[in-house]
Each structure stands twice: as C-alpha cells, then as structure tokens.
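Have a look at this one before I ask anything.
Going in written order, the chains are labelled A, B, C and D, and every chain counts its residues from 1.
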Amino acid sequence: MLQTPTSDQTTSRRLDPDAPPVLQLTGLRTEFQLEDGVVTAVDGVDLTIRRGETLAVVGESGCGKSVMARSILQLVDRPGRIVGGQVWVPRPASTEVERARGRSRRRRRRRETPAETTVAPEGMVGLIGADPAIIRAVRGKRIAMVFQEPMTSLSAVHRVGDQITEAIQLHAPMPKDVARERAIDLLRRVGIAAPEKRVDAYPFELSGGMRQRVMIAMALSCDPELLIADEPTTALDVTTQAQILELLASLRDERGMAIMLITHDLGVAAQLADSVAVMYLGNVVERGDLAEIFRSPRHPYTRALLRSIPKLGQGRDIRLAPVRGMVPHPFARPSGCPFHDRCDSFQPGRCDTAPPPLIRDDQGHEVRCVLYEEDK
Amino acid sequence: MSQDTDVVDSEVVRTDTSDVLLETRQLSKYFPITKGLWGRTVGQVKAVDHVDLQIRQGQTVGLVGESGCGKSTLGRCILRAQEPTSGEILYRRTDGEVVDLAPLTERQLKPYRQDIRMVFQDPFSSLNPRMTLADIVGEPLRVNKVVKESEVEDRVAALLARVGLRPEYLRRYPNAFSGGERQRVGLARALALDPRLVVADEAVSALDVSVRAQILNLMKDLQADEDLTYLFISHDLGMVEYMADEVVVMYVGHVVETGPTADLYRRPQHPYTEALLSAVPNPDPNAAKRRERIVLQGEVADPSDVPSGCPFRTRCAYAQELCATSVPALREVSPGRRVACHFSEELGLRGIEELGVA
Amino acid sequence: MGKYTLRRIGLMVITLVAISFVTFWIIQLPPGDYVSTLVAQAESRGQVITPEQMAALRVRYGLDDPFLVQYWNWISNIVFHGDFGQSFAYNRPVSTLIWDRVALSFFLSVSTLLFVWAVAFPVGIYSAVKQYSPGDYIATFFGFVGMAIPEFLLALVFLWLGVRYFDQSAGGLFSPEYVDAAWNLGKVLDLASHLWLPILIIGISGTAGLIRVTRANLLDELYKPYVITARAKGLSEWKLLVKYPVRMSLSPFFSTVGWLLPGLISGETIISIVLSLPTTGPLLFGGVLSQDMYLVGSFILILSALTVVGTLLSDLALAWWDPRIRRRYQES
Amino acid sequence: MTERTERRDTGASGTSTDVWDASELELEGATMSQEGMEIPLPSPGGDDESGPTPELARAALAQGGTASQWRLVWRRFRRHKVAFVALWVVLAIYLIMAFAEVLAPSTATAQDPDYAYAPPQALHIYHPSEGLGLYVHDFTVTQNPETFANEFEIDTDSYIPVGFFVSGEPYEMWGLFPMDVHLIGPEDPDRPFYLWGADRAGRDSLSRILYGSRVSLSIGLVGVAISLVLGIALGGISGYYGGKPDTLIQRIIEFLMAIPTLPLWLALSAAIPASWGPLARYFAITAILSVIGWTGMARQVRGKFLSLRTEDFITAATLDGCSRPRIIFRHMVPSFSSHVIASLTMAVPGMILAETSLSFLGLGLQAPAVSWGVLLQDAQNIRTIETAPWLLLPGLAIFITVLAMNFVGDGLRDAADPYK
C-alpha cells in the first residue's frame, strides 16, 4: 500500500447562490421534556442548504447541533420532541412515497402538526407532521446520514453488505444479486480494498476508518441530494480523519450532492465546507461563507472560539484567549442573547433583555448580535 | 527477536544530562495475549518497545502519536501505574542522586509518588464521584501525612484557589462540576504534594474548545510558578506545539522522532511526522485551500504483529527494501534531533510551512 | 469453531465426571443406608430382621465396599450398560421408572414452553416499544405479580377455584372413566382438557419472567445508534423493529435457552405433585422422601448432564445467532 | 458476554435500562450524555472567570453538589413511587414479624379441637343493642352425622366483645419474657376468636401466619447473609487478585451452576437427618439455599472489582500512595455497595420462595415448627381446600411479601447508580 502525496487544489469552489435548496429549516425547535424541566436543545433555527453546498454546522457540545441534525429526519428519541418550525424538502415523487408506504396501504393517522401553518415554498413539502410514508421516502433516498460512532451505528450482527443492500433495495427495488453488486461497487468507491471480500464482513471485523467508510457507502447508496454527516471523524485518528475528509470531498465533487457537516472542530470544518453556521445554545449565531467568517468573524462567540484554539505554526509564545466561564446549565438558559454572560461586549440592559436581531449583509453573511444593529 | 538486539546495539548519545529530571532506558511494556481456559500466554502486544526518553527539568515534553501507539502506556509506566516489562526509569532526586524506579517495591516507591504525579484524560472517571473535593484533593495529603489532619482542609482550600476554583466548593461532590472544573480539581490533586514532574495524559482532550484553552493556560501558569516539568501526552499537534519545548513522536510502541518543537514542526525528519503534520486540520481557510496534504494509506500497524524492519514501512511512501529487513535505530541526526529512519537525510521532508498547514 | 466445540466437549466430560462424584457422594449422604431403611420398615410391620440378615443384605447391595469401589460399580453400570441401578422403593430398575414417565414430562414442558413464548415475546416487545403506556403498566404489573406467586400456590388456588365454581377436579390427567381406557379420540380430548391447566399454571410465572426479560433486553437496544441508522435509511418502523433491536435483544435469551433442556425432563416437580400428574417430578420427589438414593442420584446425574449439554448447545446457538460471539470462539 | 450473563443473575427489569430515564438530568448535575444529544453540565456558578449566573441555576446550585451518594440514591429511589410504597410495606412486614407474639390474637400452638376448621369471623364495629365497639359473633357447631366433621353456623345473636391489649394465651416474648398481652382479642379469653379461621386442630390461622413469618422472613435474610459473605469474599479475591485464584474460583462457580438447582435442593434436604431439631434444620436449609445462592453474588462482586480496577479514580488513588486495603475499603467498596444492596434485596424473595416450596413439599422445616411453607402443607389436598379455603391465606402473606420486596429491589437497582 502506497501513500499518494496528493495536492488538494480545489481552488475555492464557487457556490451558486441561486441553486435550488435541498433543505430549508424554518424556526425549528426541539425540546427535551425532563422531570426537572424542559431543555430547549434547538431554539428556532432557520437554515437553508442549496444544491451542491457544503455547510459546516459548528459549535461546542450542548449547542444543539446534533439534535438539530436529527430533527431534520425526525430521528430524535424520547423525551425529545420537535415542538415548532418546519423542515422543508423537495417533494419526493409519488412513486417513491408509495414504495415507502409499502404493502400496507392503510394510512396512519396523521400526527398533529406543531408547525405554524406556513405556505410551502415552491415544490417543497414540510416533513414535520407529514405522512410517515413521505418521511420514509425522504430518509435515505433524498437525505442520508452518517453518524459519529461507526461501531455502534452499524448493526453488529448483520454483514455490512447486507446493511448496504437493504438501503439500496428499500428505495430501488432490484434483485438481491444486483443490489449486492452495487454494494460492492459502493465499497470500492469509498476506498475499501478487496470489496468482494469485505462485503461479507461484520462491522467488528473492520477498523474504525473502514467502518466509517461503510457508513458513507451506505449513505450514498441511493444517491442522496443531501448528506448529513454528524461528527463523522470525531472518533477517528488524525490520519484516518484526513482520509475520510478527502473521501467526502471527492464524493461531493463527483456527485454534486450537498453536505451538512456537523462538527466541533473548526479545522475539520475549514477543510471541507464552503459555508458555516455557528451554533450556541440552540441558536445559529452566525452564518455565511466559511472563508469570510473564519477570516473576519463578527459574532463575539465566533471570535472567541477562533481565538481559543492553538494554530499550527503559532508557537508557544502567543497566549490563547479562552472564552470566559462555562456553557450554562441547560435549565438555566440566559435570557436575551444566550451568550451574554460570557461575552466581552456585553451591554447591560440590551443583551440580557431581548433576543438579539438577525443582521444580514449583502454577501449573505448573517449574524445575531446587537453590535451590528447600527450597520443596518 | 533480532530487532531487540538491533536497538540495544545502537549507540544512544547522551549529551549533558545534568538537567535531565527523568529518563527511560529501553523501557518496554508487553501485554500478554492469553488464550484458553487456564490463560496460557500465546503472544504479546508490544505497547511500548524499548523506548528511550529524556525529560529535562522545567521543560514540557510533548508525546504525540495516534491512538494505540503506546503513548499513554509509556506515561503510565513512568508513573508505575503499570508495571514495565523491562528497562529502566532513571529519576534524578533533588539531592542529585539518580534512582531507577522500575524495580522498586510499592513501599520503596512511595516517596517518589509524591514527586511524579498525573492528570488524567477523563475528568469524569478520574474523580471518585462518592468523595467530596476535600476528600479527593486531601487524599494524597492524608495518605502521605504531609500535613496534620487539622490542616488538610486549609491546604485543600488553598489548592482549589490555586487552580481557580472557589474554596467553598470543598464540601461538594464532583458531579456538581463541569468537565473543565473537574479537570481543575484533577490538577489540584496533582499539585497537592508539590510534585516535580506531572504526567498529563490527554488532559484537555475531553474538554470543550472554549474551556480547553482555559486549562492549557492554567497549566502554563502553574509551570512557571511552581517550577513544574510536564510530560504532555496528546494526539493534537496544535496543542502540543502550544505546550511543549520538545516533542517525542511515537508509532506502534516505538519512538520514531524527537526534537525541539519548533524545529521538529518546521523540519520533520521522519515520514510519519510529516504525514501527521500534514493531516492536522487547520481552521485557517487560506491554509486549508492551498495546502498539500499527505493522506496516509492503510491503518496503524497491529502492535501484536508489528511488521518486520521499520514498523512504519507498510504505510510509508518512501519505503525501500532496506526498511523491510532492518529496524532503523533512533539516532542523532543533528544536535538535539533524533530520528529512527534509514533515509531521513535523503528525503527532504516538508514541515508545516511547506505543507501549507501553518 | 470445530476446535472450539471439541474443546468444550472435552471440558464437558470433565465436568460430568466431577458431577458424578458429587452425586454419588450425595447418594451416600443420608445416615444409615437402604438396609437400615428396610429394617425400619420391617420392624414397623412387626417383623424382626437379625443382624446376620442385615449383613447379608449389605453384601448383596455392595454397601460395605470402599467408596471408590462402590462409585466405580455404580458409574460403570451407567456408562456401559445404561443401568442406573435398582430403585429400592419400587424394586424396579431406575431407568425403566424414569423412562415410563419421560414422554409426558416432555410433552408438558414443550407445550408450556410454546405457550410461554407465544405470550411473553409479543407482550414484552409491546411493553418495551410502548414504554410507559397503559399497556406497558399492565404488562409490568402482571410481570411482578406472576413472579411473586409460587407455582404451587397458583396450582392450589386454581384447584380451589375449579372445585368451588366449576365443580371440576383439576388434578390428574384423565377423568376417571378414561384412566384405564385404550387410546381413542375421547381419551385424547380428555387429556387435552386436563392439560391446559398445568400448562397455564406452569406458564404464568415463566411468562411473567420472560416478559420482564424481553422488555428489559429490548429497551437496552431500542435507543442504540444503529437503530437510528436503520431508521435514517427509510425503513418502516415495524420492519426496523423486528430486524434490528428485536434480533439483538434475543442474544441474552439464547444464552439461557440451553437450560430448558433439563427442564424438559425434570417434569415441573412441584406442580406435578400438587396436580398429581404422573411426570418424572413426583417420582423424584417420592425417591427423596423414601431416601431412595439411587433414584435420586440418577436424577441428579441425568439432569446435570442435560444442564451441561444444554449449556453447550446454548453457547453454540448463541454463536450461530451472534457473529460477535462466533468470532470470539474462533479466536480463543 | 459478561454483561449478558450478569443480566441473567440480576433478573431483569425495564426500568433500570430505560434509556431516557428522565432523572438522568438532575439538578444535582448528573451528566447526560446521550448519543446525539449533548447537554452541558451545570456550572456551579461564578468561579473567577464566569459571568452572572441566572436565577434558576443559582437556586439549583445553592444546595447543589453537596449530596452524598446515599442521599442521591435515596432521592432517586423515592421517585420510583411503587417501590417507595413497597418499602413501607416491607418495613411494616418486618415490624409485624418482630412483634408477632403481641400482635397475634392467640399463639401458634394454642388449640381448641371444638373449633377445628372454624371459618373466619367478621369483625363488627357497631352492634344494634350494645352500641359502638368491636365484637364478633359466635358459632353454633353441629356435627355432620355422616362425615363427623364439624359444621359451623354464624350465630348472629351472640356477642363476643373484642378489646385491645387484652390478656389471653400466655407466651414468651422473644422467647425471654413471659407475657399474656395481645394487641387484639376477645375480652373473655375462652370465647372463640378466629379472624382468619382455624386449622384442623382448631388453631388460629392468623396467629400461626404471624408466628410463621419469623422463619419465612428471616430465612431469606440469613440465607442472603451467608451468600453475601461467601460471594464477597470469593468474588473479591477473584476480581481483585485475578490470575490463578480467579481461574480456580471461576471454575468452581461454573461447576456449581452446572448442577440443577431443584434436585440438588431436594437431595440435600433429604439428606438432613430426621432427628435434627427445628433450629438445626432451619440452619441446614438456609445453608443449602445459600450454597447455590452465593455463586451469583460472587460473579457480581468479581465483575465490579474487575471493572473498578481499571477505573481512573482507582489508579489515581494508587498514585496518591494509598495502600491496598485503603483502596479496597475506601474507594472500591463504597462504589459497589449500593449495587450489592440492591441485588441482596432482589435475592431475599427468591430465598423466601425456595424455603416455602421446600417446606411445602415436606422437605424443609417440619411441624411443629411454623413457617408459611409448613402452614401451606395443610392445604395440600383438594378436600381440605374445599372445606377450609382460608388455609391458603399464608399464600397471600407470601405473595404480598415477595411482591413488595421485588418492587423494592427493582427500585433500588434503578437508584443504585446515581452517577449514571
């Protein structure tokens, strides 16, 4: 096995601002109702991802990025509950929905729609409160997910090939051997050596990096428009992480799919994404072009975050400037701007009273902070 | 085991060692692989394999490598939290005398346990949830009878204040604290006995980014104030650069390269170091776009079945025939720089600047 | 795998030898021996047995030989001739006695097992999936109640209810008119009408336990990440449930399934005694009461052997079911 | 695999494994680390670098973090309402057991053949002519000419006043103090008073059940205590030292588990000499029950030791210079004692049931000793049950006791690890 010193010359991918959205979140709210109170994990998130875009959602643990990602496909387990907002996706073809409905024709009673009745954007359908068949037609087919822990996210008692062919056959009926061939192809595509053999392996027979490749192969099996990768490299070593990021980048360029990359590692985000959304305590506090934001962050949290990580080549003489204090307890969510108690630019009477406004500039750079109110 | 003799034969250059606080010589830790009903030993996982390491007084040595490379095991062997299989751990006492800690019994070791302390990775499992901070931080004081029982609490309160926690937290249990605060408690416990060397095993890896910097800064301040020496074990090259004066790179139980931090990052001499540096994700968008990345193929070698010759050769782009047959010894290639590669002088490896990660 | 099985069989033989020693030791345990029992019986009938006669009897039964000799005689007869010795109380070979009753025990156990599985698995799965629903509370309550009632008490209560409200004796296997009748449809129906009660009674506590176990095991699995992965693929909830968490949750079940094997033969001792069913259970019990130690010893030996074999089968079944276990066996 | 076998031992209940047991997130600040859901820990507020803390957090933190392990366990246990109620039931049952002599209207042995199989008398509060006050009716007894059995009619005209703390059958309190006071009883000790009926010798069922609780309830405790000592000693050696002793003990446990329980119990109890007195028999039965019971406990203790040995906080204690005994008793034992207590609670009802079954079969304790199993022996044949269904009442006592203990055990197990 040889390493190939590759030069990654994807000179800043141009993003088409008018490309059709593959996912649009409006006011998404997810709560966890616990015995001691309610934790609002996602607190009114608006986000749009367009075709071909790679969006990194960054934030520290507890900022709600993972819950947000899971809320999109309604994968939040009890006691989590989506209590508001809507998830808009391009309306799946009726044949796809019928297939997802399966043999049992009976319609399940529709769940109550917590979302306010907003008019659906052109050609989109809201997933919250939708017919389960529609949700299933979107899951895996239009939007696929890759999770953090490939070991626990794969079923340990099923062969990896079977887990992939299941996903293939679910959305595109085909004979088992054809599906198997496709699974082998996919495994080859994600860089697994000897895929004819590995297709019959169980997850525990593979290394961490290979398992994550299997997860990616499974996610790609139906050519999704959007891949949601939830901390896909966090459990991996730095060299394996580089392999996986490389793979994701090449797959994205080859297939033109959009990626939502959930990560706490700003370095990982910078390596793959075009745009970034910074989350803090369930809110998106800043959103825009990644290079732009990392070069000149506007929100005090983003600035503090970028200041607090050591950069390679900086040496040991420049002192890091950490964010003050701790992330607040979930029950003790600060009023007004959730970041105000750790913020260096805190303005009493302003930041702690009302939620900060969303400021948007001409380049589409959005920030939720009173500091920029004058700019408007 | 030809490779053992190879390594032993190699000439270990020792320059001025008067400021060396702790040194390991040919330190090894093998874990037996047992089989069957009565636990027969059928093989060995060579977690640490004949490692020479020097830690100078007042400095921070960064120990880096991927998971499973043996860096944590090495740290724990130095602390004698794990029994080394063979080798020496030479420790220079305050009176200048050098003792080998490896063969000492638990009783003989006790005074040295006060000098060499540890900070753990997991701030949750390293503090006994059933004890208050006063008990946790006071435990080493009580066990070693450093201060009178009546003074223990005052000492603990002072220690807590020293690491930035309120002394009133004395009566609280660890579950009232966040990861960052628990790590401060861990530091207070380590500092309780006025140690000379602190082994920090991934001490901040489990923390959130914003809190991580707080702890790193605190560790630096403590080092300056208390004349501490750190062995800073981490997989994060960015943090190691921020903390360490000297870096030791490990790969499947072997030290493959050592040197002063800045120099090693600018001019790596081992292909593995080069690859590691190139893989570091950097949040600078300019760097990310123009970088030249080396993506290593394959997986880390299995420490129970290390490849012949150079353990890294199976993943190395520059591997030649010699690499499969002969174990490269860790040799001094320039003052202060040691590397275990046959061809390091010829390769012209790229550092962080050429790789575009800085 | 084959190597593993062979090694396990070797180990099994060693265990069985050890068990046979313990068994024989237990056989020898009661103070006095069978002869003294005989003498006591004879004396209660007013007969007198002289010491000479007693000695003769002891020689006849080999009771004066050293322990190891007696053990060897006993075990070699079992291994080489299938002869478990003579039941003193029944004065018939132990093997015939047991063999006579095995069929019914077997039938009863298998029917009960099927009943338990048919009820407990669906209820347990429902209970886990609809956790904290009224149905779950009912199932949980039933589970606790079922586990708190000793089987024999349940049998007694049913007997009483039967007599009191249905004017029917629930005991026995056949109505009096069929006891000695030849087998015909009527007799089969009569048997069926008597068997449902024992099956229900034995089944209730088993069902209660299994519901709790199924529920707990499934709850362990239900919120694991791999379930979310499967859901994210677009699988329907029902297929998802059966294919992933339910399958996983059965692993612990497989690790105990082999223990059913001795249960097939032990014939639900206590229930059978209360309901006077001619299974092996009352036979064992009678043996214990009359200190018919060869009979008892044979039971312990047979049941232990079945337990050991069952454990092996269980482990093999688990390996078949769970590839992780299979892999571990192959490695060790 | 070890986890799976462990489950086998501890029985199973869903509640312990409820992934979203909401109490995971407490104000005490136990962590919540569910996949995909990250919620940070509470900040204890204002260390040097933190800013203003909102009201709610401050309120929570005022007493936050100062609760010891046992207080946390207790707090969690109390949330399990059924278990909490069951705990009071169990305590009440043991109190009743302790004061059985006083509480019983009669004694276990006092008999009156005239009232053989007398049915339960209802306790009345208000009498039309005598006014308010407890009383029961007498019986009119006739002998059935065919069966010679007594037949009882309630004589509604009769009036037997019932009082509290009346003197009646003499007894020795705890076998020490001669007394004759009974909590409740007929004011005239010679009048019949059978609240739960009488048995074939005309003994008071209620009194016998109360006396029987002594054996039935204590046998569980004693048996579990023996299992505990054996299990902790051997499991501890096995888990802490590992190596050869561990292998040996593991093989012994596996061997013992290969012997089927019931026949072994039967055989061993059959081997108890008939001549032994009740006390010797009692201990013999307890010992027999524990011989099988300790293996589960040993496995569990071993598992805890093994997993604790690799915990960081144990390593930290070693590095602090703690001696081995100090590590075991100050760090390890407190860490698993709550689990051990929970499994002990789960084991007691099992022992009670086992004793009951053996005694019921006539292999355990034997009359004249009284235990619930012995009492149920009287109800073994269908004709007796038909005549005197109240003889099944000891079964009710067993049922309530075992049910309550199971609930308590279940709740304790859920609460055992407040740091989960």
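Just so we're on the same page, a residue touches a chain if its C-beta (ideal position, glycine included) is under 8 Å from a C-beta of that chain, and two chains touch if they have at least 3 such contacts.
Just so we're on the same page, UniProt names per chain: A = ABC transporter ATP-binding protein; B = ATP-binding cassette domain-containing protein; C = ABC transporter permease.
Remember, it's a predicted structure, so these values are computed and weren't measured experimentally.
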item: Between A-C and B-D, the pair joined by more C-beta contacts; value: B-D
item: Centre-most chain [mean C-alpha coordinates]; value: D
item: Whole-Å gap separating subunit B and subunit D, where each centre is the average of the chain's CA atoms; value: 52
item: Chain centre separation in whole Å, for subunit C (ABC transporter permease) relative to subunit B (CA means); value: 57
item: Where subunit C (ABC transporter permease) and subunit D are represented by their mean Cα positions, the distance between them in whole Å; value: 26
item: Subunit D residues counted as touching two or more neighbouring chains; value: 19-20, 29, 34-36, 40-43, 49
item: Multi-chain contact residues (two or more partners), subunit A; value: 60-61, 70, 75, 77-78, 147, 149, 152, 322, 326-327
item: Of all residues in subunit B, the ones touching two or more other chains; value: 37, 178, 181, 208, 214
item: List of subunit A residues in touch with subunit B within their complex; value: 1-8, 10-12, 60-61, 207, 209-210, 237-243, 245-246, 264-271, 290-291, 294-295, 304-306, 308-316, 319-323, 326-327
item: Subunit D-facing residues of subunit B, complex; value: 37-39, 76, 79, 81, 110, 113-114, 117-118, 120-122, 124-130, 132, 139-140, 143-144, 164-166, 169, 171-173, 175-179, 181, 189, 208, 214
item: Partner subunit A, residues of subunit B touching it in the complex; value: 66-67, 178, 180-181, 208-214, 216-217, 220, 235-239, 241-245, 261-262, 265, 275-286, 288-289, 291-300, 314-317, 352-353, 357-358
item: Residue numbers on subunit A that touch subunit C (ABC transporter permease), as the complex places them; value: 70, 73, 75, 77-78, 100, 102, 132, 136-141, 144-145, 147, 149, 152-157, 166-167, 170-171, 202, 204-205, 215, 218
item: Contact set on subunit C (ABC transporter permease) toward subunit A in their complex; value: 223-226, 228-237, 244, 247-248, 251, 321-324, 327
